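Presented below are the structures under discussion, each in the form of structure tokens.
Two complexes are shown next, each including subunit A; its partner changes from subunit B in the first to subunit C in the second.
And then the complex of A and B:
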């Protein structure tokens, strides 16, 4: 059991972190104080063309120089600093969160059609697997993940989340079940522009992990949600699937439902299930994924976790609980519940 | 004492429930909760004769284990209102989330709008205890899953089908699901079968329709056409006998 919430402003108007902090705290019953986190899209307008690389350092004197060196080898860091935090009595700062604003040297990856993204992905995987005491937990442009082991309001206050502005926010309140709670295991999980928050468990994790690792991704965070971020990156960025089809590939209809479909539609669903059989996620889950322009929420195909949507003007909200959305915005109009496996999609139009 | 009014704005459910319990113990018969937002477990385990009006959106497990009280919600309910409730009534002027009436063993729930997935899951009955769940609009998949007793009635007031998703009555081995407007057989779950209503069944359903109409101030007459209703019951008392047991 975890609590998830997301909002996107389709007119790209920004909001600070006050409301989502309040909303997430309403779902404290869904967490255990061992992990919470936020992601804000559009929070670094002054560095919007640079990849904002957020790193947890165990020890900045020993491990940071190795990360610095790697980044300088692959591109240019225009600015870096410790992420500002507040001292809180109940949140022990076991890692030092740091941020780099980084531009990769695309000449170093001449064969790729998306060289900047390839370099950053490679660096994230390399740092997380080979530099002990350093963990990259956020690597997109003009976005930032802020997470730690603690209650939602503690993590928000620790990172001073109210000082950030974003046109899209996701947040998560964790109740760790299969692996211990730790900073890297808190959500959101991020790679490049993709961020994921997740309630439930991916029981197909083993299959999904073997599949995704065959494409060069490396799972380092001891939790199932990580594969979702990589699967979305693979299907949408690298395979160029529209978000709707990517969701269908990850949470497809049952075979008996596909058998009842007609003509082209049946052929399409057949092809998706056959092509992406190892990407299909089993188990109970509700997931929200976002990038710069889109927020997508969906549940497993048997609907074993809650998901509610609501709208107010340009704003689209999704959450585990309607009350959390109302805590963010008391003036929401239509409240709705999506069908199992059917995505709720919000896209910016501005 | 007349009505006790509690402003629940920003209040955690523990002090809220303590106040409710203290009031019921002191003999208060009517309570109104204002500005409710997300507080779980309201009236959890409360016994006795008290009417609680809830203004706002209460959190999950509303009225869980309660025995006797009447809750009337002016707003939507979240997951599992009436979870394992024993006696009493919950009336929701809005929608409700997943697992409405989860494991209910007695009492009645009336929801004006739609409900989420797995409504009436594990409802049961014993002797005079017969739980009832009436849904005004529609229900999502797996309605009445593993149902062992009681009555679920879906009125399809929104104009569409009462249910058009898989697993209706999946694993049902007791109780009944009555639908207005019929069911596409492809949505029947394992162990569920469709049969017409007998005269006794219709008398029981008719009284529930009228009760629903009274709660929400609507005219029951257009809903009183017996031929529009169908009844889903267990195909056998042990739908999974071959799956989990070898004899």
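And then the complex of A and C:
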């Protein structure tokens, strides 16, 4: 089932984690206490030009030196530390969450147009596939994912989420069926600046995974959600699609609708479906994707999972439930429900 | 009969129940092989010529005829089977290559029958195709890797990429290449009517495009094979697509032979060869001795038709099929047809039909994986053929990576074919694999067309139901989705090739 929520302040005003913690707990009916997580954009202003690499270590002494070595080989770590946590009686700390602030040496990737991103992507894939006991779960600039197995309020208190400030937040309350209790399986999923929270099941996962892996991404989290982060990265960063068209590629109109379009528009949508047929996502889902300046929410083409939006001044909210949004901001002005496949897009304009 | 070997036991025994028989003579009339004759007040039979085509059984108004198989068998032996022994007797007599019809007849395990499909329960809803949209539209041809877009001043996005022409199918089921000559004009006409009605396509085979088929040319894929029979610019321009045939699943590595006695006036015209002459298609194309030669032929055909038509390349599924397909994907070709070792044929040497090539399931899985691995899957569509028997085979082969299928034998069965395997004799009592006018006339193209269209429609409905049960509403999301298959009693090595997990895993 799962509950999702996201907020973006289009004037880039920041908010701390208190409200989203309250909102996510409002949807405990949709979770099972086995996974929750948050992502805050803009939470590391003092290191804003560095990639914040969050890693779950099973064992600091044995596996951490291997990650350190790899990072030093590909760039410079200006600061690293254990992510501050609070001891909670009901949340067992099975991993040690660590963060590095990292600047890749772009001279090592001379032929790329986005060398820093290429290096970090490569490092994430390499660590997650080849260093056992280390899992990178957050790798963007000036953002941080905080997730674990537990109820939303426990995970928030564990990471002391109220101490972080962000202009955009996503959060997820998990009802796991596939990998219960595994911290890596909690949402959000992140790669570079992209973070994803997802409610549903992607029936096209086998097709999507094989497609994305042919571009060098490696799916390591045993779940259908991470593939969304990679697909968005491929479509927007590497293939330069505007966000709206990336959403169209992932949840395109039916052929019947395209047949009724005219001229250039029909040609464009036809080409999108032909080119990105293997990227198209099927099955019931509601997804929120964010990067530094944008938050995009959309559902599958039949809208088999709920999604509502609301606004209050510069703030745009999306969630599985209106009640959660109201728990965060009782003064919202308009509440709306997008149609199937139609994205809700919020951009920072400041 | 040879003096020292003597006659072999008959394959079938035909008996007529005298109590039931009313001496109407329909069996005598219908049997093209002469198994029946009227002798006074009874029907006498000659079992030795019977092929078990069941024409007599189907047309006897009194159910008086019985055909039994192997009434007298050899002493059973697991090694020295009937087939093995008879091939030896045959060759001892003739010193020649043994010919056979239809597809592979050896008892290899069917991979299709050891793969099971998935369905939704609880965590995601299954989709009812009667209430919700279900998309089977399939595009065959090159697709761009990515799109070039430009943002116009008014904020609209403009598409700069030019798309290659694709064939657009309403259902991923096409009918493969069976030539005029190998089958009758009425059989081709029936199938042409069916594919036109179903919004799909069929192949002409290497027999040219007879004039009565021209009204359906928008649904025909014209073939260029090693004999180049029937090929001229008019023929190429009439087709919706062009297919270069390199090989055939039933007989990889060898050519074809239409005996002169089948080359009548009409066939001589469409094949552009003298009446009564043998039509021999050589084993290789004599202008293709390497992959770059193939690329050149693809380009030549594209040039000749002004780059307006997709060009397919058909190869037999052989051990190295994945690498060959990767080579084809790097040419201007739009689709590669993978013909598995169960593919049918009018006539093939028995040893080829039964022993050369690999099953289409493994071949398609390997080709799809190789193309993805090299990042060139969008360069070429995959059409699977050879042994597609029902709609579940279609779902499974698409989940293994195919874009669409060709059916052959299944379409002929829908026209009445009983899979007797005597296609090469030219006496098909069902009017399919024959050119004898009285036999051809037995097949009504109108009624036959409805039957084949019904088959395609029925499979299409089943496809939609199976996809809906799996929570998938568009065929693109089934393609290569091996996660929705499980293997049942398949060995680990083959599971790795298919990239499919075991049941329960």
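Assume the second predicted complex is superposed on the first by the 346 of 350 C-alpha atoms of A that agree within 3 Å, B and C clash if a C-alpha of one lies under 4 Å from a C-alpha of the other, contacts with A are read in each partner's own complex, and residues count from 1 in each chain.
Following the convention adopted for this analysis, a contact is a pair of C-beta atoms (placed from the backbone, for glycine too) under 8 Å apart; a residue touches a chain by one contact, two chains touch by 3 or more.
These numbers were taken from a predicted model, which means no experiment stands behind them.
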{"item": "Touching partner for A:303 - first (subunit B), second (subunit C), both, neither", "value": "first"}
{"item": "Subunit B versus subunit C as contact partner of A:323, first or second or both or neither", "value": "first"}
{"item": "Partner chain(s) touched by A:260 [first = subunit B, second = subunit C, both, neither]", "value": "first"}
{"item": "Which superposed partner A:242 touches (first subunit B, second subunit C, both, neither)", "value": "second"}
{"item": "First (subunit B), second (subunit C), both or neither touched by A:13", "value": "neither"}
{"item": "Which superposed partner A:274 touches (first subunit B, second subunit C, both, neither)", "value": "second"}
{"item": "Residue contacts on subunit A - larger count, subunit B or subunit C", "value": "C"}
{"item": "First, second, both or neither for A:335, with subunit B first and subunit C second", "value": "first"}
{"item": "Touching both subunit B and subunit C, residues of subunit A", "value": "254, 302"}
{"item": "Parts of subunit B lying in touch with subunit A, wherever the complex brings them together", "value": "37-38, 40, 57-60, 76, 78-79, 95, 97-98, 114, 116-118, 140-142, 165-166, 186"}
{"item": "Sites on subunit A touched by subunit B in the complex", "value": "26-27, 29, 254, 257, 260, 302-303, 306, 308, 321-324, 326-327, 335, 337, 339-340"}
{"item": "Residues on subunit C engaged by subunit A in the complex (per definition of touch)", "value": "120, 123-125, 127, 132-133, 135, 137, 139, 143-147, 149, 151, 156-159, 161, 163, 166, 372-373, 375, 377-378, 399, 470-474, 476-484"}
{"item": "Subunit A residues touching subunit C - in the complex, by the definition given at the top", "value": "177, 200-201, 203-207, 209-211, 213-215, 239-242, 245, 254-256, 264, 267-268, 270-275, 277-278, 280-284, 301-302, 304"}
